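What follows is subunit A paired twice: with subunit B in the first complex and subunit C in the second.
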Partner chain A sequence: MHIKLKYLLVFILPAMLLYTVFIIYPLFDSLILSFFSWSGVGARTFVGLRNFRTIFSGSFGKELFNAFFNNVYFFLMLIVIELGLGFLIALMLASKIKGAGAFRVVTYIPNMIPLVLVGFMWGLFLNPQVGLVNQLLKLVGLGGWAQPWLGQSSTALTTIILVNVWRNLGFYVLVILAAILDISPELIEAAYIDGANNWKITWRIIFPLTFSTFRTLAILLFIWSFNIFDTVYALTGVQAGPYRSTDVLGTLFYRTAFGGLGSGAVDMGLGASVTVFIFAIVMPVSILYVYLVEKKQRSA
Partner chain B sequence: MLKLTLFGKIIVYILLAVYCLVVLVPFFMMIMNSLKSMREIFLKPFSFPSQVLFDNYTKAWRQGSIGTGYRNSALVAGISVVGILVVASMFAYAISKYDFKGRRFLFIYSMLGLAFPARLAIIPIFILLRNLNLTNSLIGLILIYTSVNIPFSVFLLKNFIDGVPNELSEAARIDGATPMQIYWRVVLPLVKPALSIVAIVSFVNVWNDFFFPLIFINDKSKATITLAVSIFFGEYSNQWPLLFSGLTLAVAPTIILFLLFSRQFITGMTQGAIK
Partner chain C sequence: MKKKLLLVAIAVLLVVSSFAGKVTIWSWRPQDAEVWQKVEAALKAQGHDITIEFTSYLATEYDSKVNLALQTGTGPDLVYSRRLPGGRTQVLIENGLYLPINDHVDLVNFPEASLKSVSWNDQVFGVPFAVQVVGIFYNKDYYDQFGLQEPTTWDELVANAAVIKKNGIDPFFISGKDAWTLTMQHAMAGVSVLGPEWIEALTNGETNFLDPKFTDLNKKLNDLKVYYQNGFMGNSTVDQDASFAFGQAAMVFYGIWGYQVWKDLNPDMNVGYFMVPTATADQKPYAYTYLDGAIALTSNVKNRADSIEILKFCATPEFGTIFAGVTYNIPAVSGATIPPNPLLEEVLEVYNNHASPFVYWVGSVFTTQKPSLYDDVLSPGMQEMYAGKLTPEGLSKMAQDAISQWYPPLMGK
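Entry: the complex of A and B
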């Protein structure tokens, strides 16, 4: 249908103004700010690429790469656990069992809690002396396994990842389940008639037909993995202890731009260059995502 | 879908039951421990409270500014949701039902926000709000949340509006209806389910957010619920009974909302950005 320009503007401008002013323009301004030194007040000083030299070298560089690899570890663990377990549970919920609807609701409950509060809650449960996790281990005779989960470098990051999984798994289960239920039942019925077993049906029919969902989820997981902040903040604080073993780019950025106890100089320009670094990592995947979404829209 | 033997069914039920326990037991323990004394939490963490201390809740409510947190979060989330519904549905309607130059560009442009988390722009947003005198203000949060939720809402609403037959809006136009009337009287009533999904999902997104209040709000009286609880945890880190009751109070509203509207939630979350 055709529309007059003045009407068109009425429909489009409010959303576009808000979105451009508060999202798109700031994203660009982040890029520009990364070439300046600025304490947050007063004039900005143009410093060229100095911020990037600073964040990639010396002690800052060490922290940056440490945080970066923790994000990568986050991503790899989440891919394996969320998509693997998610697929398994979705398959179970998609089989002909009673009460699947109730199970579905239960899986999604943790997703309703703010991530940061999930972090605080598990922080109490994981307390080394009196937390429920260690108390439970002692109760069932596995007291030897009890340990300061968040207090030692070897387990802290993995523990935080598992807390994330506890909170988010239901989302992956439901998205994968929705994809599985989209497959026509006749197809699977026909495979049974041809003598295929469940294993074959899972890998030869269900997995290939839901693959695009896995791809989309992997893309989103990648983008989200580089934005982890809330759970680390709640469980090990902005210092991301012990000894930065749980540091991620989000917490490193927060310390750089907004301070936090014991951090060095606060510099907005330096902080912006950290976000540009995150941006650069996420960008190729983000573009792929927008491309896929748009392609799907046009074919629909 | 998959057919299971009796043995297979038993295994599946056991696994699902274990999973449900893993999900539900922490909530149960949180509530149990919120009603105990500190001593009892430490000595008998898994038992029922020997004496139910509702007093923990009144204390947590007062000392944790939970009431203020509720009010601020409800205000911010409520107003943001109205804003999102209005601007996103108008935009989605225009790019779904009308042909004009730049329509495809506008759609892609509006999707960028799905791919680039707004957190990456936090410093300029912070500066922008400061220049507008809107830091430490609920209005600032409302503006940000409305903007942040535009991409997801436009995406979902456009999908639904695409499904409204063009013949309907065409017929209304021939009868002399203006675009505004077609939008309001023809299209919106037909996509009510989508509007309710957007409303519920974005309400929870806003209610649950922590990062923006952490950066923008430094006055306890303006704290949203997540920030209020975070401050409470900092100040009362040893008062476990109060921490557990504060947490229970803080997580209750969204969980109740979810149990009431679980179907809308599940469609919204699974279709929002995925399909």
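Entry: the complex of A and C
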């Protein structure tokens, strides 16, 4: 069917307009802003590449790379825990155990809780003296394991990641479950008839047939991991303590562009150069994601 | 037809009257909501038909919201403004987003020092509302119970802490998760232990952060951590308020603004105050005090006449009396009646007679650029030192390396 260009434009233009105003323009404005020094008010001062020199050197460079590696750690942990655990729970739900429906709902409930509330709740649960987590540990005789979870560099970031997993796991379970349920039951029945056990069916049939879903989720996780801000902000604040051990590129950007505490100067231009750095990391992976999705659609 | 016209006229009148006399105020201090209810009532009693709409935002998000709103014309009539010197307030003034008020408001009730913190180019940009005093607040009942006296030297403070600990009470409650409180702790100890003369010498570049005296202060604070509650690095100021108010800890390094919350939580609480003691008996102790901020007229003002009426009222002792009565804070305006309370009287006396003239936290030059001594050095640095990952010498070096990047008197030292 041939559609005239003018009709195509009529349908595409509103979306294009919105996309340009809210996505393309801010993106290019950030890029341009990264070459300026600007406090957020008044005139911008052109500084060339100075902002990029600043973010990659000296004490700022140290903070940038610390935040970057925390993002990498975030991503690796999420891949292992969210996809690994998500797969196991999805398998369990797909096997139609008793109460699977209820369990599916329960798994997804945290996803519906606003993040501010998640931060508040977990802030209370993780209180070193009276928090639920330490109290439970004491109750089961593991009082020695009770920790100031968010107050020490060795546990703070991992704790935030686990809170993130608690909140988002339901989404991954649902997506992986949908992929598992999409597998033709005849395939699995035939495998059973041929004498395959559950282990073999899982790793030789289910996992390979859901692999494209894992690949898509992994790429999305990568993008989200490098855009992470809200969970860290809700649990350890803009200072991303203790001593920047939970700092990620998102909180570093916020601190630089909008300031932390007190009346110190802020620099939106310097903040914009951090976002350009984040963009440079995320963009190639996003392109890969789009390529893979299109490839999948073509093959389908 | 006539009926319809009448209805339209009534509707228009209703809409107009709902906006008439309304003044919007934004703040980072939610505890001030009651103050503005009382101000509104007082103004109404004086015959001004003014309605005040007060909105508070999270302190960490407040400045960005004000910046954005004022530039897009969606800001309020009046805002709580941070003090000077400070990069954020300075740019708002320089770009005409805060308006000068000295031609409209009589500021005779304010001391020179307060006005200096809101003035630029011989113009005043806001009515100062509160001054803050920080120091060590303690549970008087525990001090009486254990036969302790307010310490006059650092060693006496440590000795008191030892006695309290021996009696099964946490001597200090520290909000280690809220890094700003650790900076405040360092700064309030600095004015007494190092003294204003040393801070003046630092500001002039006659000494620097590598001075053994600064490192010794770091060490004193680091050694004190054995008297903090278990897991203190995971606690926030919210935890601190509850623990101090209900007697789980005997002392806190904090500000007078905390008193309102403690009294709300436990009205029977008996709170005392002392300045951080000096290193030796021959030194004079000082208190860290600062002007909290001012109420500024914005360029977005829609109801100018009524906003100025409010500012005029804020410059009177009557406002100070309302403010102190609700918040237990010290009003910036002179002549106000402070609630009859020994703690407030003591803190006011300290503010008037023992304020350190030189400081290195709020209100100092060291927090006006990046890396800031507040955000980028002492906040993460104190956490790192308390966690045992940074030595007191390392904290001194961290401060010197950061500030010497941009502060000319300390460059190349």
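Keep in mind that, in the parts below, the second predicted complex is superposed on the first by the 279 of 300 C-alpha atoms of A that agree within 3 Å, B and C clash if a C-alpha of one lies under 4 Å from a C-alpha of the other, contacts with A are read in each partner's own complex, and residues count from 1 in each chain.
One rule holds for everything that comes next: a contact is a pair of C-beta atoms (placed from the backbone, for glycine too) under 8 Å apart; a residue touches a chain by one contact, two chains touch by 3 or more.
Model, not experiment: these values are computed from the prediction.
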{"item": "Touching partner for A:Ala190 - first (subunit B), second (subunit C), both, neither", "value": "neither"}
{"item": "Touched partner set for A:Leu142, first subunit B, second subunit C, both or neither", "value": "neither"}
{"item": "Touching partner for A:Gly58 - first (subunit B), second (subunit C), both, neither", "value": "second"}
{"item": "Superposed model, subunit A: greater residue contact from subunit B or subunit C", "value": "B"}
{"item": "First, second, both or neither for A:Thr236, with subunit B first and subunit C second", "value": "second"}
{"item": "Which of subunit B and subunit C A:Ala280 touches, first, second, both or neither", "value": "neither"}
{"item": "Which of subunit B and subunit C A:Val80 touches, first, second, both or neither", "value": "neither"}
{"item": "Which superposed partner A:Leu49 touches (first subunit B, second subunit C, both, neither)", "value": "neither"}
{"item": "Doubly contacted subunit A residues - partners subunit C and subunit B", "value": "258"}
{"item": "Residues on subunit C engaged by subunit A in the complex (per definition of touch)", "value": "59-61, 63-64, 67-68, 70-71, 82-89, 91-92, 94-95, 97, 176-180, 229-236, 239, 243, 248, 361-362, 367-372, 374-376, 379-381, 383-384, 387, 389-390, 401-402, 405"}
{"item": "In the complex, subunit A residues that touch subunit B", "value": "1-4, 7-8, 10-12, 14-16, 18-19, 21-27, 29-30, 33, 89, 91-97, 103-117, 120-122, 124-125, 130, 132, 135-136, 139, 166, 170-171, 174-175, 178, 180-181, 183, 185, 188, 192, 198, 201-202, 206, 213, 216-217, 220, 223-224, 227, 229-230, 233-234, 250, 257-258, 268, 271-272, 275, 278-279, 282-283, 286-287, 289-290, 293-294, 296-297, 300"}
{"item": "In the complex, subunit A residues that touch subunit C", "value": "39-42, 58-60, 123, 126-129, 146-153, 236-239, 241-244, 255-256, 258-267"}
{"item": "Subunit B - residues contacting subunit A, complex", "value": "1-4, 8-9, 12-13, 15-16, 19-20, 22-24, 26-27, 29-30, 41-42, 45-46, 83, 86-88, 90-91, 93-95, 97-100, 104, 106-125, 127-128, 143-144, 146-148, 150-151, 154-155, 158-159, 162, 166, 169-170, 173, 178-180, 183, 204, 207-211, 214-215, 225-226, 229-230, 233, 240, 243-244, 247, 250-251, 254-255, 257-259, 262, 265-266, 269-271, 273-275"}
